[in-house]
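Order of writing sets the labels: A, B, C, D, E and F. Residues in every chain begin at 1.
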Amino acid sequence: MDTWLPTLITDTPQAGYELAVKLSRMSVKLTQQDAAVRDRLRAEYAVDSDALIAVSQVVATHFATVAAANGYWT
Amino acid sequence: MDTWLPTLITDTPQAGYELAVKLSRMSVKLTQQDAAVRDRLRAEYAVDSDALIAVSQVVATHFATVAAANGYWT
Amino acid sequence: MDTWLPTLITDTPQAGYELAVKLSRMSVKLTQQDAAVRDRLRAEYAVDSDALIAVSQVVATHFATVAAANGYWT
Amino acid sequence: MDTWLPTLITDTPQAGYELAVKLSRMSVKLTQQDAAVRDRLRAEYAVDSDALIAVSQVVATHFATVAAANGYWT
Amino acid sequence: MDTWLPTLITDTPQAGYELAVKLSRMSVKLTQQDAAVRDRLRAEYAVDSDALIAVSQVVATHFATVAAANGYWT
Amino acid sequence: MDTWLPTLITDTPQAGYELAVKLSRMSVKLTQQDAAVRDRLRAEYAVDSDALIAVSQVVATHFATVAAANGYWT
């Protein structure tokens, strides 16, 4: 697999948040490796509020890690 | 995308809590980019106690991060 | 909005726990601003064990933050 | 309300775990104050594996806090 | 109750993971004290992917605590 | 059981993420030890967006631990 996570360090909190989103998506990719299936599932959960909130929870957990790694950008 | 997260630092705990709410909503926005769909979903989950509690959980996770970033405002 | 969170510091662990409960409820309030709807939802989830457990999870997450802010009251 | 949480400090890890269980139950008590309703709900979720696992999650979150408060008893 | 948690310290990360599994199961045991009921529930959730994933989440939370207690075995 | 977790230390963040995925799967393995059942369950949840998101949450929790163990690779 190509390098997709060279570092947890980002220039800004916002870039750190975007990295958290990427970290959230990557584990779906590793479990379901068929891009067509992932596209179909994404179309489903993008209109399902429970799923969207659950995704937010995963992002929040990763953001905590990225923020700590960056010393909270302070 | 515009800058929406320049810093995790806030003047008060309450402003930190409001930032946590913003951080929670932003990942829904990044996954479902159609504002009309988001409005419809929000109308649904605003009257669904399970969804409201799940949103609270996301806010709590982000608040932990924001509070740590601010040294708990002490 | 009025000041409802001036500090995370409390005199005792128990007061910290009560603050965690308050922090949990506040995000429901910010998402569903109609008090009558909130009262109806609360009546529903107060007899729903899954919802009560989910609320407990949110309180636990906030309590971790409040406890850390207070140096665990030691 | 009586004092039910004077300290997070316990003599042993096991006593800390028992405190985590107590912390988990207390937020249900604060949300649903009718003991008869709580007894009925508990009878239900004690035979519901999803609910039992969800309770375990709350205990795990509180145990993390209690363990940190005690310097992991080391 | 007998002593079942004398320490959070383990010799290896793997032993720490096994302790996390034990910590996860113990709170089910404390809530549902009838071993026959627990066996029946376990038979059910062992073939239920949602439940298995939820159990994994509890283990992950406890593993974080055990790992911190052991200074990450480094 | 063979040694499957000798250390939490990895060379790169990406290898740490892969270890988090492994840690997530291992607790399913310990609860459901029949490989054929696990294969069937995996086939089910690989096309179930709720389950995939729940798995992501477990990975995120383990990744936080692995990242802390590695001092965030900085």
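The rule is short, and it goes like this: contacts are C-beta pairs under 8 Å (C-beta built on N, C-alpha and C of every residue); 3 or more make two chains touch, one makes a residue touch a chain.
Quick caveat: nothing in here was measured; it's all calculated off a predicted structure.
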item	value
Neighbouring chains common to chain E and chain F, by label	none
Euclidean distance of C-alpha centroids - chain A vs chain D, Å	31
Chain C and chain D: spacing of chain centres that average the CA atoms, whole Å	15
Between chain C and chain E, centroid-to-centroid distance (C-alpha), Å	27
Where chain F touches two or more other chains at once, by residue number	24, 45, 50, 54-55, 57, 61, 64, 68
Chain contact graph, described as a line, ring, star, complete graph or other shape	ring
Cyclic ordering of chains (reference chain B, direction chain C)	B, C, D, E, F, A
Touching residues on chain B, where the partner in the complex is chain A	3-9, 23-28, 30-32, 37, 41-42, 44-45, 48, 50-51, 54-55, 57-58, 61-62, 64-65, 68-69
Chain E partner contacts - residues on chain D that touch it in the complex	12-14, 17, 21, 24, 45-47, 49-50, 52-57, 59-61, 63-64, 67-68, 72-74
